[in-house]
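We just call them A, B, C, D and E in the order they show up, numbering each chain from 1.
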Amino acid sequence: MTDATAGATPAVDPGRKSKSIITTDDNTRRRNRAEKRFQYYGIAAIGVGVFFLLALTFSILRSGLPAFTETAVSLEINLSQEQFDEAESKLLKTGAYEQLFVQALQQQLNAEGEGDVEVEEDAVGRIMGNVGSEIREFYLANQDQLGAPVTFNVPASSRVDRYLNGGLSRESLAESKFLTPEDLDIVDRLVEAGTLTNVIDWDFITGTDSGVDNPGGAGLGASVIGSFFMMLVVLVLSLPIGVAASIYLEEFAPQNKLTDFIEVNISNLAAVPSIVYGILGLAVFIQFAGLPQSAPLVGGLVLTLMTLPTIIISTRASLKSVPPSIRSAALGVGASKMQSVFHHVLPLAMPGILTGTIIGLAQALGETAPLLLIGMVGYVARGYPDGIVSGLMDPNSAMPAQIYTWAARSDPAFYEKAWGGIIILLVFLLAMNALAIILRRKFERRW
Amino acid sequence: QSRENVQIAGSSTVLPYATIVAEAFGENTDFPTPVVESGGSSTGLSRFCEGVGEGTIDVANASRAIRDGEVETCASNGVEEIIEVRIGYDGIVFASQQSGPEFTAFEPSDWYQALAANLPQDGEMASNPNSNWSDVNGDLPDVEISAFIPGTRHGTREVFEENVLLAGCEETGAYDAMVNDMGMSEDDAEAACMEVRTDGASVDIDGDYTETLARLESNPDGVGVFGLAFYENNTDTLKVATMSGVQPSTETIASGEYPVSRPLFFYIKKAHIGVIPGLKEYAQFFMADEIAGPDGPLSNYGLVSLPEGELDEVQQRIENETTMDSQS
Amino acid sequence: MYDADHNRTENRVGQTDIKISAKDVQVYYGTNHAIKDVSVDIQDKTVTAFIGPSGCGKSTFLRCINRMNDTIDIARMEGLIEIDGENIYDKRVDPVQLRAKVGMVFQKPNPFPKSIYDNVAYGPKIHGLAKNKAELDEIVETALRRGAIWDEVKDRLDAPGTGLSGGQQQRLCIARAVATEPEVLLMDEPCSALDPIATSQVEELIDELKQNYSVVIVTHSMQQAARVSQKTAFFHLGNLVEYDDTEKIFTNPQDSRTESYITGRIG
Amino acid sequence: MYDADHNRTENRVGQTDIKISAKDVQVYYGTNHAIKDVSVDIQDKTVTAFIGPSGCGKSTFLRCINRMNDTIDIARMEGLIEIDGENIYDKRVDPVQLRAKVGMVFQKPNPFPKSIYDNVAYGPKIHGLAKNKAELDEIVETALRRGAIWDEVKDRLDAPGTGLSGGQQQRLCIARAVATEPEVLLMDEPCSALDPIATSQVEELIDELKQNYSVVIVTHSMQQAARVSQKTAFFHLGNLVEYDDTEKIFTNPQDSRTESYITGRIG
Amino acid sequence: MSNTLLALIVLALGAIGYVIGRQRALKATDGDQRKLHSLPSYYGTNVLLKTMVPAFLLMLVWLLAQPIVVDRSVRAGLQDESVRQDRSVSLVMTDVRRVANGLGIAVEQGVMSRDEARSLDTQSTDVRARLGEAGVALGSDVTPAVLEAAQQYRGLSGTGDIARFALVVALALAGLGWGVRESTPSFRARNSVERGIKSLLILASCIAILTTIGIVLSLVFNTIEFFRIYPARDFFLSTTWSPSFGGGSELGILPLLWGTLYISLIALLVAVPIGLFAAVYLSEYASKRVRSVAKPAIEILAGIPTIVYGLFALLTIGPLLLRVFGDDTVGWMDGGTAVMTAGLAMGIMLIPFVSSLSDDVINAVPQAMRDGSYGLGATQSETIKQVILPAALPGIVGAILLAASRAIGETMIVVLGAGAAARLSLNPFEAMTTVTAKIVSQLTGDADFSSAEALVAFALGMTLFVVTLGLNVLALYIVRKYREQYE
């Protein structure tokens, strides 16, 4: 031993000067540099993450915030019983109301105008958004108001809105058939007169989808409810099932080919493209089980299947990281395996489980592809459900599906709506995660 | 529980029009607003043909006519009676960034020569040498060829290939050269005319027109293929080029002057009429003069509506529930 | 509640009921043959000490007795162990019930990452030993007192058990084990981190326990073995070399290895 | 390598270079005042024993010396500790270098979940003590031999360190600590899980180490303290009650508490 | 309504059972729970499970089966006479159900009396109008046969409802009785309850298998159909992917698989290092406050809809890369859309998948490991790299696998960011596309759904499924081999 080691570490000699801990030696300096570098990598990694988060948030906010306001026309009109009856006799009743409104506005403009140029009805029509249904709804509900003046606050066309927001210039309208540069003179007049104002578009937050020619009437409210019910299903099913499956596989299952097979299968399910889950959902839930199409229940079930692997994989990873001494300790005082798992291991694995849930739900909340096949993407403007059962079973859309459809529409106003929708989606996501994050903080501990 | 609403699925090209109708239908009648799903003509038709009954859709939108194979599948699944409704035409236009190079007039031959994978040269097929638009046609700007054309999943692609590439191929005489000089079969020559280069000068867009628009936004020299309605909604960012000297508009397309357009359809399961409340009413509403006519909201939005007589005929067919086989 | 029976049972010490009987026990860790052919009868109401050099298999054998080895994947056990005449590796045996009956104090203290109170109360709770909170409080207090740690922790019962000093953790684990009132208590070096006073308190506890129960203790201290145990088993390289009355082992060992070990010549 | 210097340094044992000097050290765990006003000078090339009842603060104080307390969130330290005249809590001090100089064996053996070889090789590797694999092999072997565990593990150097018996883990941790050649070695109950033979081997190691280094050992065994240490410090309830030559402490303690403790009256 | 009531009754019985079981067990030992085999609550839970589980199962099965049975018998009655020449039975049944439902609603709303609903006939009443009053819209007038069938339907359903109610309650009571009888002190209630719970756990893991079977089944038939019209050899070995309408498509999967792997690889090259470093920083270096903010913040990245990433790739990352690697500089890149563009965007999205989960497992490594390393004079980074990460490895591998899976399954980013070109190339600055993107586009496109061009989506899905299965087996094998050293 002596001979062997003497050569190995000649540095040690009896009279050696002991190392100072204040003046660092070369080796330590090198290691400290490595340490610093490592730490900087960490900071840089966080920085990259946060930077992209900010960049994305910024671009989302910039593109999406205008969706929350609209340019509204406020006008007092006085509808007679005859006009009402006539409009109601038409096939396109809303069109008739719209025309009445447009005429009223035209009259007002011509009356107060300088009188030299007659404002055309078409021009006024181009300035207005789709206003017929709002007016019709009002008069159907309040027939007693017929013959009395009523003030309406209805949306102007999306292009007027963009013009007033600075998103459109006169020149760029040269080719447009939806709004001409000359129309903008009228718009300017209306703004001056205070007839056109910028207001918060509550309809956007609470309303339902609209036709492609009516961006002013488009709202996300109903699909928020749709997403809510879907997430409810996902949470209620995937969390317990996922955790239960993980517990079985990680703690109880014998180590054999079958459990290996299940394990591989679950990881594999995570890699299955989400649209394939849509194919599965269509085949199993709609065609085989006969559940209704476009129902949040079906969407929730499909997303549950899609989310399960995420939750299972993360739950297993965190169950695995609980040290065995905890299990022995519990078994040693005569706890059953089940008790040791539920009383000790599971609480310690909770942060990881919640993380998996957060990520899984976030993914599910933003997923469109599987919804494509079960009928939730497209135009599903069915308004609010009136109860849990109807919320689950009645056709409804979901936020990402709605956003996806809006993003594909021609009118650039819908593009704005899509970004606005993303803002709402993220707010929903944050609200959904907040609880999980608080819970996770509570369970986190080091020992 | 029984289904209350009409359930529709299919083409994303028809979807916008269907949403306009569905919204108005819900607002103007006592029936619940129909549900219109997107997902593509093929998906729509495949679900349409799954069978009859409440669990299946009532109407399939399609940006192409149903194919024989699909009719057979339908029939074998019990969907024997189908009412075909042609709703109008979709014009296909060529547009570039408003502030981009001066793309104002195209000929099919320009597109053929710019996008073909191989061009006949000295009796041989050689890979396309053109790298700039000006190489193709001196009147076009001297910028790199960068075209965004519909991907092969889109029906628009088929129209583009036949009405633009093939037409251009014939126009330039390349087709004749292939058949006559090089001894290709007609089919091979046609295929060669429609084969698109893959060196990056042409990019297939599998998504929607909004994607094409976004691509143009990140590439100012690009030229994209759009639907007429899309272009009309985006005149502030896009400028359109003429094709064979014709300016695309609902009028020139309706009159047949403008060469690139295709018909749009929806298909109704006759067996569901009378079972699903509002189904027939929806079809009637859709094709009513006030809606699908030249002054209706559909045309206003960009649909090229059917000529007078044809519209009447379609209305008649819906009224009589005339199915496809009985009409032929 | 142990104290109540104290007087009555005193006189029965020394009786030779066999509580645990092991026959031809083999334990393998993978290919490592850790316990070789060990047969031993452990008596009721007796303290049995396992001694032997580090790594000879004492802990391993101890863990066989309450089937804690089941939890080590690579461990494999052969042979027969009976407690009260019942084969504990029988299929019908519920290891949970077995472990409730055969308590264990591990070599490395392993408190739960919970409060001190909860650490001790956990066993009684799951075994339903307390009817109400007051009773549970009492059980906890008694157990902590018996574990000779009550005075140190009585003011911080809500503090986490993992924040205790090494010796305190060890005593906490002893308290936790006795709180469930096992019939057999297996203690793997329970006093290794304890000062002499605490050690003697734990030894007192062991003495008290043996009035009713059977205690097996692993120790490296010959003195401790001599002090607390009536029987001693000497393990060496996985073999049970000698098993006899403690007195005899320490005064007149039969095997030369035993002698070498207790006189400090082999390790 | 230590042996080579054996003769030359022998005579210097007992010299009074001060290696570590602590002044008015206070440690709090949250509100719990665990170390109260401790001042002590620890000499170079000397073995100093810390004794005292469980929970009195020995480990806590030990951890102050190489700033391991830094890793406990709620722990807060006040006062001054100097090693070789340098304040170890100075801002300029690199705790990493400090800990390389002041090695530690923890009370609960904590082998890494790596092979036995890697457990030992880890320290030398990060400190760059070996030029090549052969040298590293040698360092590992030497360390394991000094930790008195070589014979038991030489055939299974690739087996995980966590699969060793309690005492083996403890010795592995000792080997791991000496492999990095610290100038000061803090050992928290290094022999608690060891049989007498292994204990004496470790004690020999300590003896050998003190030729060049300063060793602080926490122990509950008065005998051990008396055997290996030259200086003894007695802690009680967070106070350093008495610090003096070992001989003196054990024969003629100044404080009544010390006397009580070593005679086994307070715990 | 009655189902809710039934469920409530069963729940109530369960609760009662819990109390009785518990009490009975306790009473038998005069309130001394120590003499019981298990905790009293286990006796209660045992009864509760025995009361509720079979009853709910029966209810569920019955609810699923009753419509089928009723349907079947009503259908049998319709078979001969009333199936209108042009209508299939299933459509008539739709009508029947609608009318039956309508009658139900009408009765509920008081528009009709129960007897009236039962005795209604088409001659004397305009059923469509009457039902219209109750807000039930019918597609056409009601024929006598349909009305009759609807009335029969209602009758049968009513009988079924009553029978279900009675039987479910009876079963619940029986379970309750059985459970209560069992509740003797020596009964191993805990074992019984745990067996029950364990079965539930097993059931939960079976869902994964069922999903797999479902996916395979929903893909396999169309895949076979595809291979019937398109040669498998070409599909697997051809290096060209160029679908076209006129037939003569070349559908080789290789370029797509290559694109999938390439893009996923780049995404992982971005996400894994950044994610791991972020995780390490969060769990080891960052203060509590920073951690509590940064971790959830980074998790938002996982929740941003992928379309946003797609647009971000297309509009921001692409042009940026083009400026750096484009023709103006090194000339590696021709267009903004490329493997690199999509890979980077996807990598950003995947950061939280790696970072959050790894952070949790790293955090779970016991402090003693860290202490051991610090005590040897290791720096924090050495400790992390050599002790903590290896100890946390199984969990980290899980996190990475999850991220990889997500990368393989992602569509939107690829569609927008990677370009749609299917090609085999090593240059990461060229456009490529992935299997998933093509599944979506072929499935949702305009092609004839019975053509090879549409069916290929299923074959792609199936192949991807098998390929990832293989990769997962490999991963499991590697992890096992690696892990064995440690535990």
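Following the convention adopted for this analysis, a residue touches a chain if its C-beta (ideal position, glycine included) is under 8 Å from a C-beta of that chain, and two chains touch if they have at least 3 such contacts.
Protein names from UniProt, one per chain: A = Phosphate transport system permease protein PstA; C, D = Phosphate transporter ATP-binding protein; E = Phosphate transport system permease protein.
These numbers were taken from a predicted model, which means no experiment stands behind them.
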Contact distance in steps, from chain B to chain C: 2
Between chain A and chain D, the fewest steps along chains that touch one another: 1
Co-neighbours of chain D and chain B - touch as defined: A, E
By count of C-beta pairs in contact, the leading pair of chains: A-E
Centre-most chain, if every chain is reduced to its averaged C-alpha atoms: E
Chain at maximum distance from chain E, centres defined as averaged CA atoms: D
Chain C and chain E: spacing of chain centres that average the CA atoms, whole Å: 49
Euclidean distance of C-alpha centroids - chain A vs chain B, Å: 31
Between chain E and chain D, distance of the C-alpha-averaged centres to the nearest whole Å: 56
Inter-centroid spacing, chain D versus chain C (mean Cα positions, whole Å): 29
Interface hub residues of chain A, defined as touching at least two other chains: 31-32, 35, 282, 336, 348, 372, 407, 447
Residues of chain C whose C-beta touches two or more other chains: 73, 96, 108, 126-127
Junction residues of chain B, two or more chains touched: 1, 12, 39, 43, 207
Chains touching one another, given as label pairs in label order: A-B, A-C, A-D, A-E, B-E, C-D, C-E, D-E
Residue ranges of chain C in contact with chain D within the complex: 29, 32, 51-55, 57, 59-60, 107-109, 148, 152, 156, 163-168, 171, 188-189, 192-201, 220, 222, 261, 264-267
Complex contacts: residues of chain C adjacent to chain E: 73, 94, 96, 126-129, 131
Partner chain C, residues of chain E touching it in the complex: 31-34, 36, 38-40, 188, 190-191, 487
Chain C contact footprint on chain A (complex, rising order): 255, 324-337, 339, 343-344, 348, 445, 447
Complex interface listing, chain E residues touching chain A: 190, 194, 197-198, 200-205, 207-209, 211-212, 214-215, 217-219, 273-278, 280-282, 284-286, 292, 294, 296-309, 312, 316, 348, 351-353, 355-357, 359-361, 363-367, 379-382, 384-385, 392, 394-396, 398-399, 401-402, 404-406, 408-409, 411-412, 435-436, 439-440, 443-444, 458, 461, 464-465, 468-469, 471-473, 475-476
